[in-house]
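Two complexes come next, and they have one chain in common, chain A, joined by chain B in the first and chain C in the second.
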Partner chain A sequence: MVDMRSEEILPLITEAIVEVLPELDGHPFAESDSLEALGADSMDRAEIVMVVLERLDLEVPLVETHGPRNLGELAGLLSEKTSARAR
Partner chain B sequence: MSRVGIEAMNVFGGSAVLDVAQLARRRGLDPQRLDNLLMREKTVALPFEDPVTFGANAARPLLDRMSPQDRDRIELLITCTESGIDFSKSVSTYLHDQLGLSRNCRMFELKQACYAGTAGLQMACNFILSQTSPGAKALVIATDISRYHLEDGADASAQDWSYAEPSGGAGAVAMLISDVPHVFRLDVGASGTYGYEVMDTCRPAPDSESGDVDLSLMSYLDCCEQSYRAYERKVEGADYRDSFQYLAFHTPFGGMVKGAHRTMMRKVAGVRGGEIAEDFERRVAPGLAYCGRVGNVMGATVFLSLASTVCNGDFDSPKRIGLFSYGSGCCSEFYSGVVTPDGATRLKETGIGAHLDARHRLTIDAYETLLAKSDFVRFGTRDTTVDQSLVPATRPAHGTGPRLVLRAVKDFHREYAWVD
Partner chain C sequence: MRDVAEIVVTGMGVTTAVGQGKERFARALFAGEHRFGVLQRPGRQLDSRFVGAEIPAFTPPARVAARDLRTASLTAQVALATLEEAWTEAGLDEADPFRVGLVVGGSNVQQRELVQAHDRHRAKPRFLRPGYGMSYLDTDLCALATAAFGIRGLAHTVGGASASGQLAVIEAAEAVASGRVDVCIALGALADLSYWELLALQSMGAMAPEHCADAPEAACRPFDTGHKGFVFGEACAALVVERRGARPPREHAPYARLAGWSVQLDGNRGPNPSPEGEVRAIRQALGTAGLTAADIDYVNPHGTASPVGDRTEARALRESGLTRAAVNATKSITGHGLSAAGAVEAVAALLQMRHGRLHPTRNLHDPVDDSLHWVRGAAVEARVRHCLSLSMGFGGINTALCMSACEPGRA
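And then the complex of A and B:
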């Protein structure tokens, strides 16, 4: 796995959300959803990102994943990170 | 072998305390999320309390137990705070005066957010180890307060920030550092540091705090891992799961430490499943007990957790404690030391738990009145007389010794008094 597009990363994010917040199993996720609105507190949000980074086998500081306001933006940012690694 | 560390220490967790569940009900906070904070009570700084009174009240019981000769060997006083009261004059000058220390004593203040206390401890230990003044002692006082005031037009949607109110505390820890480290013997050289520039939480203007909860948590977690990895590179055979019988963390609130521990056990120790929760209860929870009764006391917090670990843990034989200190901005450190049965007995004799039990319990209405009046001495106050109305009600239990209170400010100079 080298360079991943954000469409490929989005399902990994929703899987991670369900792993951290099992009550959201079966929830219809949209790119515009924010983790906060989905009920994730600050620790949940960090854990969701950590799970995705682990699945992507991506070693980047968590602080570099800070900033996205919704799932689509997070997928986009992580896609850039995988591209940076591929180069 | 180099012997250095904490000869004696004491915690001052304030004169008054508020039940966090009451505050949460008043603010309409989600009870589930509140439970995740692992907070029971928070210390509330009263109008006659400031970083000087907190620091003095932590240190005085230590000094009262020393002989005049020993007190005169305190040749270094470091105050560690992000709640300074003057850009130039340090809190250490007032503390030096109120504690009656020798005039042949170096004094200054140190700042690096919540890392300041560890920076002070390490600098003091290096002073002792350097042997530039054999037999000398150092006094390190970490003291911090947070004040909350209701501002007009405050952003009610700042959901996460509203969860900072229950966890923001006030308190101080005083530590006597010497080459007879009865309470905590530092593992000299066993330390990993990690830091970089980040704008996570800060105090950019007098009497105000600002921050990004997510960024701060992420930075804390990054540092927790990286400082430990730096420690591991320096200490042959270090193992996160087995080398430390207890872990004391900088504790903004207990839930954050629970998450950090879970992450470390997964990523660094390679542990999954039920063992993580069992390990948390055994190695981490003893250190959270006092933190959950005081709140975040910034630079002093990691030592509040250390004291809690020693007083609530089982020290029937010498035990190694791993400490993680993090200060926004940021600098962090993972280091360790050993506590013996004698050290645990000595610390328990200072009666920290009894002091926390004896604090005055504010009603939620009394707390709201304090907030609304915002009757504390603001940074830069030139002249004022400080409201003493809560002094009698918050009087400490009989036999616990005098307490320092702030009386007035005259031409910027703060005036204090010891009251029984």
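And then the complex of A and C:
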């Protein structure tokens, strides 16, 4: 996988959320949703991000993914990381 | 304060290869069923044909959150399912959670899942699931169980190799006897072996060799002169131990009273058993129960089908004067549950006591000792007032547990 736009990454994130938090199956996700508000504790958040990183085959330290406040920002950050890798 | 006379078992759960739940398990025991075959679960073979018995299916309890089940190991999921049965039977939703404890018997009980995770991530280790950092611990079973059932009194693991399950029952009884909690659940955790443990256990001569795969049904033969070593069996059992009278009376009578027990060490790092250690454990358990060998109606032995283990144990039973008691070997039906075995066998003993029947010992055609009163062939009727269960583990640990029928009355 190379450079990916954040619109392409967002579904990977929501897929990972449902995988880690099965009770959110069918939940209508918005870019403004925060993982915390969706009921993810710190361990769940680490698991969700790691699932997405693995799907993107993107090896970045988890600590570098801690800034984003919502799903849209997370997708944006991961998109930047894939671009940086593609360069 | 310490009153051993009033410690009873009020609930039990069991999951084995021959079935989930006490009713199904009891039927399988009395019919002498088995599920031995070449092990199929991923991570159990490496160009090998290891034989054993695997749990075909089980139902995890609804009270466990789906998010927890996703990352719970097979060992943990089976533990939760088994705890649910024991918990419900003992009516523990009504108990004060701060007076309820949990002792999990077993160490390194999730090996296969760990090896699977290592194998899966060998090429890309950085994608290892972060939660592995907590789920690799055996105490994740305690964490999941206390979260699901709301246990607040105590929760920890105890390790005693193949005596872990019985050690958990003994430690639960001690926790109740000391007054630390009113109720304590003992769990013998499923030992989820990977091909690494199976390879080494075979190499060291403890486990029946792979060529047994040609006739898996005949591989596991405790106390038979054709025995070739233990045969692995996935299993898990839970017993609710409590002080009689600590909670309001319930409709059902307890299964039995835990009348006496003993843990004896040989001071030996190796896997070899010791007749002296076994005899000491038997004598002390009987002594604390205020019984003699002549009072024991039934012995549920360790009986793994290890040639040296079987002969040593038969000798210990004979030297202890347990020649009147009926003896069978539960592992001939379940396989060797290792960390789970002592708890599974305590459940098996109490089910037999309640049903007034003793299960047959599979494949016991030519006993290693003719002076003992073996149950083989078919189940027999028997009134069991006092029984003794034994467990032994690598590293020179011998445990004995004496269980006695309760005086009639409520829990």
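Going forward, the second predicted complex is superposed on the first by the 87 of 87 C-alpha atoms of A that agree within 3 Å, B and C clash if a C-alpha of one lies under 4 Å from a C-alpha of the other, contacts with A are read in each partner's own complex, and residues count from 1 in each chain.
In the analysis below, a residue touches a chain if its C-beta (ideal position, glycine included) is under 8 Å from a C-beta of that chain, and two chains touch if they have at least 3 such contacts.
Fair warning: this is a prediction, and the values are worked out from it, not measured in the lab.
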Contacts of A:H66 with chain B and chain C, given as first, second, both or neither: first
Partner chain(s) touched by A:P22 [first = chain B, second = chain C, both, neither]: second
Chain B versus chain C as contact partner of A:E36, first or second or both or neither: first
Which superposed partner A:M50 touches (first chain B, second chain C, both, neither): both
Residues of chain A contacting chain B in one complex and chain C in the other: 43, 46-47, 50, 62
Chain A residues touching chain C - in the complex, by the definition given at the top: 19-23, 43-44, 46-47, 50, 53-54, 57, 59, 62
Chain C - residues contacting chain A, complex: 65-67, 70-71, 124, 126-131, 134
Touching residues (chain side chain A, partner chain B) in the complex: 36, 41-43, 45-47, 49-50, 61-63, 65-66
Touching residues on chain B, where the partner in the complex is chain A: 33, 36, 159-160, 198, 212-215, 217-219, 221-222, 255-256, 258-259, 263
